[in-house]
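Heads up: the structure comes next, in structure tokens.
Order of writing sets the labels: A, B and C. Residues in every chain begin at 1.
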Amino acid sequence: MAIETQGGWRWRTAPSHPHSVFLLCWFLGGVLLAFIAIPLIALAGYSAANLAEVARMADVRAAILLSLEAAFLSATFAALIGVPLAYVLARSSFPGKGAVAALIDLPLAVPHTVAGIGLLMVFGRHGPLGEPLHALVGIKFWGTIAGIVVAMMFVSAPYTVNAARMGFEAVDPRLEKIARTLGLGPWRTFMRISLPLAWRGIMTGITLTYARSISEFGAVVILVYYPMTAPVKIYELFLRIGLDQAAGAAVLLLIVSLSLFVLLRYLAHQRETIRENR
Amino acid sequence: MQSTARFSPLVLGLLCALLPGSFAARAAESTTLTVFAAGTLAVPFKEIDERFHEQYPNVTVQPQFGGSVKMAKQITDLHRDADLLAVADYSVIPKYMFGGNGKQAYAKWYVGICRNAITFVYTDKSKGAGEINSKNWYKVLARKGVEIGRSNPDTDPSGYQTVQMLNLANKYYDDPNIETSVLANAPLANMRDTETSLISALQLGQIDYLAIYRSDALQHHLKFVDLPNKINLSDATESSYYAQGTVQTKNGTLTGKPIVYAITIVEGSKNAAIAEKYVAFLLGPEGQAIMKKNGFGEFKPAYAVNPDAMPQGLKSQVKPWPGS
Amino acid sequence: MTSPETTARAITVEGLSLSIRDFHLSGIDFALSGGEILVILGPNGSGKSLTLETIAGFHRPAAGRVLIGGRDVTQLAPERRNVAFMVQNFGLFPHLTVRQNVAVGLRKRRASPERHAAALPHGDVAGLLDYFDITQLAQRAPHSLSAGEKQRVALARALAAEPDLFLFDEPFSALDAHTRDQLREELASFLRRLSIPAIFVTHDHTDAMVLADRIIVLRGGITVQAGSVQEVFYKPANVFVARFIGVENILAGRIAGSCEALSTVAIGERMLRAAGPQVASGAYVQVGVRAEAVSIHSVGSASAPGVNRFVARVTEVRILGPLATVQIDCGFPLKAYVLAQQARDLELIPGRTVEAEIAPASVRLMFD
């Protein structure tokens, strides 16, 4: 946003917009930023003394690691099956397309506990997927990381699909046509043209899915209590010990997550600037 | 045309802002009584609240349910306003609410309101459902492939009470393997922070048996095993026998006690007078009848700890808790 | 034009028709040999882009065939047809450098090495960049290039894939007039050098005038007129085509009489002679006269009475550089183009009386 000029830095604003419009935007935006930041800062301040203690607890560290791992798997699977769906939604029209799009948004509106119970019905001991999967491949979803991933995916996959769809919609379909005439088949066109150009949107979706997966509690806890993910651990700390430790663990989770997201955005941005500067 | 079009969203917005205000004004005339209670009290308390409202029409009772410890902590740690706290294990109140060691006291007394018993619920689909009874239950539960659910002993009364019960069973049946063999079928994967969240798992067949209170069994119309009174923690006269049952938790070693639900009025409640009436109703014949109807055991006489600290009007209904 | 080389590059389209939603494209027919440029001219919504995309392989026609380089490609996927597709703003891949753009379609092996040897540069990226004089742009990002540079990169990229046919979908529509002229010239010379057939789609008749060997005028999915540039421009089939290709004077008239090579048409009170086949007397007709076909003379300057020579009064004169546009009234309004010098010599000012003459061959009769 800030660009370097001869005299130093200046803000890149559209010269045609009057200053007052931007001031208003910043003011209102500031309200939102404060709304987000102040409770988090209050939490951090409250638990500052306990951070070291909580960081030393092996079970807290294990829970945070488990959350990060499971969320990573959730985001990966969501991308593998969600990005192709997003491409289809962006490029083709078919009867029932509106229904499909609405279906994808549905998990966001379902109460988390209800989602968890639905997943238990399907992936549980006697479930239409759970039973055969256990018999054939030996996978269980009750009390395992697989169950955590499934619960996380259900509530967070819509973010990947929606953001990736917007990413693909922003790619001029004529570019894909040109690639085809240059001799690239549909698959190579997708991999070399559509996907790279939609990458920003896709990455946004994946990041959102990852973040949402980390924070999920209600759906996860129906399927899996042990091993404990970070939100479950935080809750257990609250019940067992008290608010101080729970808040401390929460802040620790936030610090780890924040660092991870900053790193991800930095890496994605690096990749882009290299491309542009070539 | 254009200027009116610009006005209307403004007018609408103002109306929306004023409306809740008018509701709030109306609500202020009646009193709201906030009751935090254990999850297993949800069903009977709904009925009690309705009857109470009929007797005191200008009082609206707003209950919130959850694990006993969680609800206590909402008051002590999160400083949420509640007028009354009702727990599934009476010892939760002195442990978390009485203060001491520099902590603030949120309650000074408590009175027992009803009893309960630990049991195992199951469905037709459960393994061994056809043959389980009061005599062979521990053998059926110990069979290979049986899945048993229970709540976390570190955080929830029914969790540690279940383990205490199994520990007592070792002595009662003179078989030192009962506790371990049954718990082997109740691994961490089958544990939740409160037992009520496992009911859907039972109904879906994910688990075969769930350790829970008898009141829940009756309220949810689930089949249950009648465990012997000497181990199911339901008999207030067997407290010395129960004390032999122990469980190791992250909070230390806990010894068995009869399951007695207790209630207290939170210190500093702004509606203390109404709260007193609520407790009186609960201890009175109508309240007790509702509790009994919902599968809870009677706790008569109503014992109280620190009765001198209680409101004057309630003192006559209670007796001092023996041994306190 | 009969060498195997050029026949191999011919393109034939037979009876192409297609329906998409409510739009119907019917009976597109033409044949091009290597080096010929077909311009498909028509207003927006006439089906020009649809035709192009069908030839490229993005729509399946309901009927008809497309033959490129002797092969029937009607059922083939776009990537197997060897066509180059050029669009508005040139469609360079924004995430790739110029070099990477050009290299996208590079063939690993050549089908027949002789085919392109004559007109094409070396078939590798460096050679192509050099041919189009864009080597210095190799590492640049597409968005930083000028329109002319983009066109050259797009052409280099297209050539790298060794196309048998070039398709242009209104590539100049978004450009200003000056850039447009410049790029059009570059494109024309490039295409002529290469002797690869090309189909150019546009709504601008100037593009047709500069580039076309043959023209198809499309309207609502139907071919209204097809033929050489001469035919279409000087013998428009009907008023629609005439207006579209920029005939400046279109007047309503009635046939007063007709014999085998000449017809007399009454426009208002004037009689005009038009060359052309015999027409039924009394028929209503539209008359098209190009502005440059109207010559202006001073009164009484003719040595002998001329055909289609009238007295007229000048109503407006506009000098535009070396040309002048003159509006005259000779019972009906006429627009004429004269040289600016002529306008000055004849002292053309509004109100002046002059004589206008139109050769019968330039009077085009059109029926709708």
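Heads up, the rule we're going with is that a contact is a pair of C-beta atoms (placed from the backbone, for glycine too) under 8 Å apart; a residue touches a chain by one contact, two chains touch by 3 or more.
This is a predicted model, so every value here is computed, not measured.
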item: Chain at the geometric heart of the assembly (C-alpha centres); value: A
item: Chain whose mean Cα position lies farthest from chain B; value: C
item: Chain A-chain B separation of Cα centroids, rounded to whole Å; value: 37
item: CA centroid of chain A to CA centroid of chain C, Å; value: 53
item: Chain B and chain C: spacing of chain centres that average the CA atoms, whole Å; value: 87
item: Residue numbers of chain A (touch at least two other chains); value: none
item: Contacting residues of chain B [partner chain A, same complex]; value: 67, 69-70, 73, 77-78, 125, 147, 152, 154-156, 187-193, 197, 200-201, 204-206, 250-251
item: Residues on chain A engaged by chain C in the complex (per definition of touch); value: 172, 174-175, 177-186, 192-193, 196-197, 275-276, 278
item: Interface residues, chain C side, partner chain A - complex; value: 53, 56-58, 77-79, 81, 83-85, 87, 91, 93-95, 97, 104-105, 107, 139, 141, 157-158, 160-161, 163, 167
item: Touching residues (chain side chain A, partner chain B) in the complex; value: 117, 120-121, 124-127, 142-144, 221-222, 224-227, 235-236, 238-240, 242-243
